[in-house]
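Consider the two complexes below, in which chain A is the common component and chain B and chain C are the respective partners.
Our next item is the complex of A and B:
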């Protein structure tokens, strides 16, 4: 049961939230402030839902519910990445009690804003395509079991396969900006994953060719911000270093063998 | 030969599998999804996927899997489809393995298997505790490969509104809305496969994702597609209650040795770690010695309810019990369960490797769904197919853990070729249907949007949704009583009436989430009644459906499929016989020693 409905709390404690609003792609952004009733275990999603149920600013002006992306609410779908008090993170796993108030909520800055907190991250999926991040199959009919994989190998690469394509690593990367095509850490880490799989490795060459192209691994400037914000603690810098080694090896071999 | 035109709605496991099968067959396919498909709810599946690979020398077989599934479902599932699914399961695992799913391994490099509820065999392949996520990604990557080859076109950020039916009530495509521009558009297709998942939002808070509203199923139901066994709702025994959602703590925690207990002394205020072994009540192990903590979910959920509400033994008097993995070595926990333990730690700030988790049952899954035939995943509307959680076929009255992922993939594998066969057999394809048919449907949907946007009432849709969820959770989940069900139906009618007086605080035509939510809510209110009235009618107890006034299974009167039909605004029920030709129904008991 809800301990209190928005606007009718009993503890009297308030949560002050400032949201950066932008009605559309052409309009200017502005800030709105809300005073919400505090409840235990509140996260940012609950704050945004409270606003949707009572879209009235702190100074009493009627407004619209905040547009935002969210789905699983347990930090495994990657949808709800945003800037919270200036930090790029998932809204669902950000608990109000861990934050300084007023809480500032803004959209990610490295992706085009659609409305309010909704941004368009389709570039990440396009880049997965560009880097050929898949294991090519002959078909899905019954062709028997896959290759054997040692437990240590599985344990090393399983963490890479937990990437939720949230975009936090791109948000904090200085190399991801208007003047660059850098695909970012998440994508390069996926390249490493598919290069490691016994079947995926058979197609490493074309993946590395893409990695050596524009926006590839050479664009990383080693700021190492990515690994700090990754909600899944993926060893992103290790991945980039590994892919870089693979790319150099392929380039050198290509040069030696003509 | 003309190329058939196939649409898939929903990009979770079932939808992506259907897309892959269609693309492999060389048939172009359009894929519609509310969220980018990689963010679909399948990512939330944690524990694993069942297949009788018998890699542990236990003598497991697909027949055993078949029997466990039918018995676990209290004999309500049609046995033919279940048998075929269990037989296909080992091949499904092999396919996923070849796609690169990072399944846990044995020393020999083979797939590792764990135990799950409702079976005595190690039958569940797993990738840590994020198996659904890994599987979804593997299928997503294959679809992306086909997309790059031009065989698949994705419409991500579109929501389904309705099917386009011609004068003969044959489906000729879909009508959908772009969630950014709010444009309403029709898409002609010979066949559409619906893989739109669960209905968690009907219950307010559940373990489901935000998009699991059942809206698409309800829209199709209101257009004439029958809906079966709606009253069978799975309540998962172990979730962390939350105001925004109930976060699942996978059955795999118990599969790896986790134990459920409460202090023997009601109201015991000592921290869990200070309560000695002898003063703990391991009620599942005591009541069900053979299966212990791995009884099926309906059994475990009712046991927790009994301990909390009848025996008043909830933790410090609260509705909660312990799920304890703190006795398992840290290294094992991190290797096999990290994904879920991390969720507990992040959302509650307590390390479950050290302290027992506080959990309580939460709405989790619908066994019921769109009615489909026994061979082709075809709904009762020609041209509409369904696969995954949104259909009713494989789990009877209660689903066994780790069977959902199999049914998703298997359903998608069956649906795509069936839809293609149907499309190829059509006398005339969607291109020969009059444009007026599409035009009318688009206009009808736009009018619904306009009337919602301009409604001048006083009701807030979020408030109506919350009230619906609270009523459904209180009266239509674990324990059901007819007077309460009657009252709930009355409440739902009241809410539907109040819905007519809504006021959208957002009236713009740009990324208007309030409007799309209202469209979903309207459909949820109908589906909630199908569930409630289905439960009201069924005067017996079977699987997840439990009525204290009718505590026994009643095969003579109720071994039948509930089939709801929408007829000019009223919900009518008919009942179909169940195919029990292979395994004769027997009493379902997990407390027996045998």
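Our next item is the complex of A and C:
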């Protein structure tokens, strides 16, 4: 890890970073400030690595390394979502030089904090289950040649499968809060993707029944923040609208057919 | 200690949650086993998500002439015939079914005009064979497997790292791990274990691998007494970013040179003139790699040990149009504008062909009850891996490992774990806290990376390898003196100290095997033995722990049945 600024044009310039620390789920949060050596091309992950390697605050007190999630560092895994200067985004693609200092780094607020910047996003997996985002085939029959799907159809749904389950869309959604169990945009978009899939479509009915239940599509209040913040530019509002149409259609048909 | 030790019990414990681990877990669940999955990071974020190219499978959707035989032959040729031929055969035969299955589970592949799964051409594959989802096939695989696994109901232990495998006599019985956040230990009891822990990239200074790739599974298997194989075969891509840190290791596609990128050394010389004056930068991969290596070795490398690759002489609009993802990636991740400034490139460690020696049909290692699949296992790729063959590897052998582990667990009795084994593992893991004034793990890691990159990298020579072994011996001693400060609560320095033990083990295995193989074959290039030797083509190198020493031996490659020999002899 080349983090210690070996010859990287270090000019005595500092990057001032304030991190919201929380030792554990039930403990109080506090802020710590760090002064890191500035180098060209720094992003937020580099800052957090610098702190991990030398956990000393700006005023010289030894502290513990800041906990954070990160993995691919290429913005394809979604692990490093956090609030940076109040904006919900990925740390690996947030450049230091594009930010006002001191840089404020906080954990996402819509998920339980585990420690420091680490939050528990397992609710997203639970919501995938609630909305039946999978294809319940048991693999015991002949696979055959597979379904035909027109390239235009695949291209239409391709953007939806870019989801990296980062949680940014939940973070900025006013409907996701302590009093609601709204599953959020990412999951509804996955519902749309599974409904569009040839084998997934076979279970569309059950999926839509779940979508019409608690925490489903009716909880969306159309704030449209999700689509603004998605790092993968997934057309989330379009997905929600389509799932909503599918649900209404199913409800009306169900009512008409008794 | 063990009284309060958190304990979980499963029929099958899968360590690693990338493509191979998830596919193994799904298969074991389908067999009715109780399954636990341990991941070092978060579910769905494993290194597999970074795979771009595609899944190699002879589906014959685009090229009707393709079939498993051709895929088998391509794989064996790519691996310079050192592959486990049975694995290569199973892989080629089963990959199409694994792809169809993935599609049925919800993956949405790119399509042909008539609606079938589209396949693209890739280096070393005779036919258009790679099923893909844009340039993010790995993410699609993980998303699909994760959605399925979550619904089927495995227990996932996230941010948990295994430090030692525990045994009951000769068979594997469980694993001791710790929670990364809290630093507490946790014991897993299991009838069977599947290691799907990926590769070793982090022993190198420049690697395209994620931080998780520290060879933990291979080292744990080695410590437990399992055999490793083909450790000398490490695949490098000749041009990865060596600087800045935000993009270090990321591959720079050959298209940059194709579009007019120029290579220069520190002195500004366009050095390809010396190595291939005709083709210059468009020379073959190995010549370019060798040229950069030579420039760096002779002291004309850049500050960070690479060469400059410059495409800024082309109009900015042209570069952005021709290399859009490359332009955006470097701009977004590190504010490097390739239309304005040169890139600093050098060899980047990309893939490990070697690993845990397994039996082809069952993926079982030389230890009963211990299975391995994916990059952690050896055999399929031989001396070099073809692009696209790793994602198919994960599916084919992930499934086989999960199936065989479940079957093993059904017939096996519950093993017992001696309390003092678990205690000893904990004491050892905590030792860095006991020492004060010891060495900082970051310094040792940096030194290890420099040694491996410079001396056991893309080109090897006896004097370098000897020097590396000497350094590694010293580093092993230094490793025993590492101290870490602070508490066990999320302490990356401590995590690194534990991972260093694994990294030192696999580094030694790579270096010793590289020294032993006195020829050049596939990804193993010896400057002092530039030829491929037929005699070496009939031998694998096996690494096994004998007491506290690492023992290496040659083992003959199994004789191939006549029908497969015939396939290899066919010219296509």
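Definition applied: the second predicted complex is superposed on the first by the 243 of 258 C-alpha atoms of A that agree within 3 Å, B and C clash if a C-alpha of one lies under 4 Å from a C-alpha of the other, contacts with A are read in each partner's own complex, and residues count from 1 in each chain.
Note that contacts are C-beta pairs under 8 Å (C-beta built on N, C-alpha and C of every residue); 3 or more make two chains touch, one makes a residue touch a chain.
Only a predicted model underlies this, so the values are computations on that prediction, with no experimental measurement involved.
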Three-chain arrangement built on chain A, chain B and chain C clash or fit: clash
Chain B versus chain C as contact partner of A:223, first or second or both or neither: neither
Partner chain(s) touched by A:253 [first = chain B, second = chain C, both, neither]: neither
Touching partner for A:16 - first (chain B), second (chain C), both, neither: neither
First, second, both or neither for A:29, with chain B first and chain C second: neither
Shared chain A contacts, counted only where both chain B and chain C touch the same residue: 1-3, 23, 39, 41-43, 45-46, 49, 52-53, 55, 62, 64-65, 67, 69-79, 92-93, 95, 114-116, 118, 121-122, 125, 128-129, 132-137, 139, 143-146, 148-151, 153-154, 157-158, 161-162, 164-165, 194, 197, 199-200
Residues of chain A defined as touching chain C within the complex: 1-3, 7-8, 23, 39-43, 45-46, 49, 52-53, 55, 62, 64-65, 67, 69-79, 92-93, 95, 97-98, 114-116, 118, 121-122, 125, 128-129, 132-139, 143-151, 153-154, 157-158, 161-165, 190, 193-194, 197, 199-200
Residue ranges of chain B in contact with chain A within the complex: 17, 20-21, 24, 35-36, 38-41, 43-44, 91, 94-95, 97-100, 102-111, 127-128, 130, 133-134, 137-138, 141-142, 144-145, 147-148, 156, 180, 209-211, 242-245, 247-248, 335, 339, 343, 346-349, 413, 460, 462-463, 466, 470, 505-506, 508, 510-514
Contact set on chain C toward chain A in their complex: 30, 41-47, 49-50, 97, 100-101, 103-118, 133-134, 136, 139-140, 143, 146-148, 150-151, 158, 181, 205, 210-212, 243-248, 250, 303-304, 329, 332-336, 442, 445-446, 485-487, 489-493
Sites on chain A touched by chain B in the complex: 1-3, 23-24, 39, 41-43, 45-46, 49, 52-55, 62-65, 67-79, 92-93, 95, 114-116, 118, 121-122, 125, 128-129, 132-137, 139-140, 142-146, 148-151, 153-155, 157-158, 161-162, 164-165, 194, 197, 199-200
